[in-house]
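Both complexes below contain chain A, partnered by chain B and then by chain C.
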Partner chain A sequence: MVAQLLDVVSTAAILYAVAAGLLLVFGVMKIINFAHGALLTVGSYAAVVAGQYGLNPWLALPVAAAVGALLGIVIEYFVVRPLYARPLDAILATWGLGIVIGQLLTISFGRGVHFSEPPLRGVVDILAVDYSRYRLALIGVAVVIGVGISALLSRTRLGLDTRAVIMNEDLARGIGINSGRVRFITFAVGSSLAAAAGMLITPLSSVDPNMGTPWLVNAFMLVLVSGSSLVSLAIACVVLGGAQVLVSSYVSPILGGLTIAVLAAIILRVRPQGFAHA
Partner chain B sequence: MLEPPGSEAMLSGSALQQTRGRLLPVLAVLLTCLAVVGIAPYLLDTYSVNVLTRSLLYACVALTVDMLWGYMGILTFGQSAFFAAGAYSAGLFFTHSGFGPGTALAALAMGILAAIAMAVIVGWLAFWHGVSELYASVITLVLPIVCTQLLYSGGAFTGSSSGLSGFESIDLSVEAWFWTAGTLLATLTAAAWVFVSSDAGQVLVAIRENEQRCQYLGLDTPRLKILLFVACAVVCAITGYVFACYSMVVSPELAGFVFGTELVIYTVLGGRATLIGPVLATIAVDYESAQLSGDYPFVWKLILGSVFVVVIVAFPRGLLPFVGDLLRRATAAWRGSPRASTADLPIIDVLDPAEAIGTSAGSGAALRLEGVAKHFGSLKVLDGITLTAGAGELVSLVGPNGAGKTTLMRCIADGLERSSGRIEVNGHDIGRSPPEFCVRLGVGRKFQTANVFNTLTVAECLRIARARLDRPSVFSRSRLIRLPPAAYRTLVATGLDQKLDSPAGILSHGLKQALELTMVLALEARVILLDEPTAGLTKEERAVIGSILKDLVKVDGLCVLLVEHDLDFVRQISSRVVVLHQGKILLDGSVDEVVESHLVKSIYSGAGHQAGPT
Partner chain C sequence: MPISRFLVGTSLAITLACGGAAFAQNITIGVPVGLSGANSVVAPSVVQAAELAVDEINAAGGLLGKKLALEVADDGSGAAGAQKAFDALIFQKKVNVLISMETSAARNAGLPIVTRGKTPFIYTSFYEGRSCNKYMYINAWVPDQQVAPMVDFFMDKKDSKTFFLIGSDYAFGRGMLSFTKNYVEKRGGKVLGDEYNPMDATDWTAIISKIRATNPDALLMSTAGGAPNVTLTKQLRAAGIKAHFGNLGLDEGTAKSMGADAEGTYLAGSYYTSVETPANTKFLGAMKTKFGEKLLTPNDLSTPQYEAVHLYALAVKKAGTTDAEPVLAALKDVSFEGPRGLIQMNKERHAPLTMYLGQVKPDGTVNIMSTFKDVDPGSQCPKLD
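So, the complex of A and B:
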């Protein structure tokens, strides 16, 4: 029971870390970045490479984040910006980029599976249950990500500009906010978060060029049921992630993999605003 | 639905000829393609014939992506699932029940039925009122993911990740399969071509352009979307069945969302809404993939992905229209200016009032509202509106901005809008019905800002407006547009009849307003809701609209509800004036009573001011 509860919370935390960057980009730019899965994979490979060079596993985190930010800058400038007026095309173009990134990874690292060293090993005893220290640490990381983005949005000038763009981009531009800059930074931060999340999940799953797709699909569905609110995203991650854990352990792991997508689709049909306020 | 009236026999005859003249080139192209398909196996090596068979079948599926996305605006990632439904039906039947004529037919039927069932479920989930485009695409994305996982979890029954193979199937030579696939593709493409260039095909484009206007023209757009979606699913299932019979292998990847997105990629590359583009792109890319992926598997996909991104960014219309433009520019110098043809000009036919079958007068008042209220949370926008208006009445709704006039119009035209109360049109309760049902009861709504189909011509806009009553043909494009007298008078009085061939998007503001009014009148509605139809018009245009409105009431006996700020205009044309203020009816009376009332003056100019209305 305790183990299951911890599973639910830590699964929600992982989903939150993976989806946060996607949500940020969706909220500000109103596009779904389909390269998110590929950027996540890049982050995972960054962790693998860092491990091969004998770096401290924790140091892989800033490396992955930096690589993600750099890629995000390039993608925003060359692909997303020209498609500003065509949001559905932007979705397709980022999907195409996902393919390109995936193939580049395949050419560089082969199709094989890689593993990386977890930054934390071993288990802790919680209420007579031995639980993975790393999964517990991820809960903390997810909280830091959530609080960090919220603080950025509510405490800084850039955050104020960003919230203005989220609410009404035309008006924001009218009063002199450089919305192009806000979009640029948002995309870089979102990509950076994607890659960082990719690094964080490596100890829990094997690394291969196509690993990003299932994560992308789940993150995408979570973002859609959350609108553009970080709080709704947290609720969605706990509810849907929890359902996934329960279905996986009591019904079948394969159906568990579908739980988030199917439930999100049904939730959106019944309540189009999802977990967000009306 | 309508029998063409006898007096139009001659016109119908010429319209029919038009059809034949239009179908002949399609038939010629189809026969040429079939001839190419017939000869090809003798010119190509067996390996290429084998690979091309698969490419031709994939192209059939890409065709459905173009129909749904290119023409109707539904971005679908899920066509692979319907393809797999047909393919797995064959694989499962032949593996578990053995091959025979009976099982072959049963498998085909089962595959089609499964695809229909899936399409109906997806359609129910994805197409409803007020749904966002993105959500529909999301559902089509979830479908292949669910299907793949179910196939994985099917154990020995579905063959799990390795799929099914080694089953016996229809015994045809490599060439015969090529001919089958080629004939299927050529026929489907020709049929799709005839369909999208017909009047019914125009409805698809209208839905893509402006779904809301379509609904307020009485078209049940969710139902039409589901219909096309189901039809496309059936095509995919049949193609998938042929694929399984020819390849004798089925695997979960067929249902996958990677294949689903590849089809979208081919459609983008070839050019959306061109039919031929996606077909050619699919054949070229899939054939090349088979040739190159042996030697350079990852590089090939890398190139494909890069080209896809470049095409989306730089050539959003796709490669075929781009090449087409180049060719046209090159040949323009030879051919000189394009010939101006009057043969295609639409013919307007005025309906006899007796033939106007839009809606019957029904019993009771044309429009009756009882205690209608609308609130957002605790904010009451409308409160206890009770109002009756009869045929032949022009009721003007006046009141300051924010009084609830437009909201009241919305509530009458869409049963889902109001919070409480009862609305009857021609004696029928509108209940909680969506806009297209209210149109059927006899409500026509003109929006505040001109709401037309910008890329369609004036004539095409009118034909869409008539689509509910004069069911459009799926084969041909008719030159004939039948309009009720009121719509025809408006068309002529505003000069739109001289612009039937102009795209609606380039019309002046006044003409756009006039076009929308004509479209609403073409619905043969009995209750016409007009939201500031004269806003932004010149004085002359305003006078024309004024006399049109008077005629609607006097000559056609319609019930017109008009929102208007110009009290002079209201005084000239109204038979009754209703004053709304803060969501309530303040005054309801004759023109003189209301316009001269001090109350109205004080409301319009704000409390504490003595000045009259402007």
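So, the complex of A and C:
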């Protein structure tokens, strides 16, 4: 029971870390960045490379975040900004970009599967159950991400501008907010978060050029169900992630993989705003 | 102008014919293998083994006066990729034979193409057994040769009464574990559960929570070769599971890449680098000389590949041709002394093999605990010759 609860919470934490960047970009720019999965993969490879150079695994996190931010800046300037007036084309462009990044990774690292070492090994005794230290640490990381972004949004000038752009971009520009700058920074932060999330999930599994795609699908579903609110994203991750864990445990892991997509579709049918306020 | 077009056409045709003739100077072995996907951890070692065998045969004068060549294709470790790879190798590259290690999903998808292309196929991967095709020979182990030593060891030496079975959800995982379940129950043990994850899945959380809940004495794992072994073992260790780890689908190369997590896992197979025979010493020396620093650990999925290439060469020499029917007839009669001992595929297309039970040491090599000589594969393809 305790173990299962911890499974639910840690899975929700991982999903939150993966989806937060996508949510930010969606909220501000009203486009789904389909290169998010590829950026996740880039972060994973950053962890692999850090391991190959013998760096402390935790150092891979700032490295991945930095690489993600850099890529985000380049992508926003060259791909997304020119398509500002054509959001559907921008979405398509990010999908193509995702494919390009995947192929570049294949050229650099080969098609094979890579692995990286977990920064934290071993188990810790929690409420009479031995649970993975690393998974517990991820819960902490997800909380930090959530609190960090919320603090940025509610306590900084940039955050205020961002919230204004999220509410109504034209009006925000009307009162003098540089929405272009907000978009630029948001995209960089979103990409950085994607890469960081990629680095965080790597020690639990394996890295290959296409590993980002299943995560992209799940993150996409979670963002659709959350609207623009970080709080509703957290709720969605707990509910849908929890459902995934429970279905995998009690029915089968194969159906578990479908749970998030199916549940998201049902929720949106029943309540189009998803978990967000009206 | 018609005349010059005729000239261009003819010269083009002549050039193509010459090019075609140049190809006929080689005997080509097609190697469809999982360069991407689950098998990508082992596939490069399989290609290395094939390359050494081809070098050795070419150095000794080639085959029927021609040079042996390899044509490698990526089957993505799965059915969709296998269809493309087999199709390309048989119908475009027109290889003379296919010799390869693949997942059961890839093999099952490729077999109809092999039949249509009438190409001999030597399957070099251990698998769940009972796959039969007029054009296929197998020189690797089946559960009838591998499961008993592991289960007997756990029940007799480690006092294990309860088992939990984990596998990848495809022919190999399901086939191996159904055989294993029957054997455990026949011996009086209890199977507390058997769970499967899709081949490319990396999240074993749900299955691990089931293991925690049922608390078995021993785990028996049968996932696809390569990546699933690594992710499963990593996550089992991270979760602090205390049962004995018995891995039915783990080769030494993958164990090495797992680092500290593999230590203590029990394995059974037909080859480990620590096997002490003159043939193995010679083989390891030759591999080291050819590949040097780039050598990947020879393992139970790559040495059968080496032996299969040699067996094919011997069969072609015996048949005097590369035509399918005579070669297929000759393949059951030829034998080759390789790193795994004397290999002959004369038991209903399968081969009796010497099996070893071992445990992974801290440095990733395998400590061999017992040896079982010439274990019979049982009745695998009674309807074939």
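By definition in this document, the second predicted complex is superposed on the first by the 278 of 278 C-alpha atoms of A that agree within 3 Å, B and C clash if a C-alpha of one lies under 4 Å from a C-alpha of the other, contacts with A are read in each partner's own complex, and residues count from 1 in each chain.
Assume contacts are C-beta pairs under 8 Å (C-beta built on N, C-alpha and C of every residue); 3 or more make two chains touch, one makes a residue touch a chain.
The model shown is predicted, which means the values in this text are computed figures rather than measured ones.
Touch criterion met: A:L104 reaches chain B, while chain C stays clear of it. Residue contacts after overlaying the shared chain place A:I254 against chain B and chain C alike. Once the two complexes are laid over each other on the shared chain, residue contacts for A:V231 go to neither chain B nor chain C. Of the two partner chains, chain C is the only one touched by A:S205; chain B is not. When the shared chain is aligned, chain C comes close enough to touch A:V123, but chain B does not. In the superposition on chain A, contact of A:R86 is made with chain B only, not with chain C. Once chain A of one complex is fitted onto chain A of the other, the partner contacts of A:Y131 are limited to chain C, with no touch recorded for chain B. In the superposition on chain A, the residues of chain A contacting both chain B and chain C are 252, 254, 257. By the touch rule above, chain A contacts chain B in their complex via residues 32, 78-79, 82-83, 86, 88-89, 92-93, 95-100, 103-104, 106-107, 213, 217, 220-221, 224, 252, 254-255, 257-258, 261-262, 265-266, 268-269, 272. Those residues of chain C lying in contact with chain A across their complex are 35-38, 40-41, 43-44, 74, 169, 195-198, 201-203, 205-207, 209-210, 212-213, 226-227, 230-231, 234-235, 237-240, 257-259. Listed in rising order, the residues of chain B touching chain A in the complex are 75, 125, 128, 130-135, 137-139, 141-142, 145-146, 149, 152-153, 257-258, 261, 264-265, 268, 298-299, 301-302, 304-306, 308-309, 312-313, 316. Residues 3-4, 7, 11, 111-113, 115, 117-118, 121-123, 129-135, 203-206, 208, 211, 245, 248-249, 252-254, 256-257 of chain A touch chain C in their complex.
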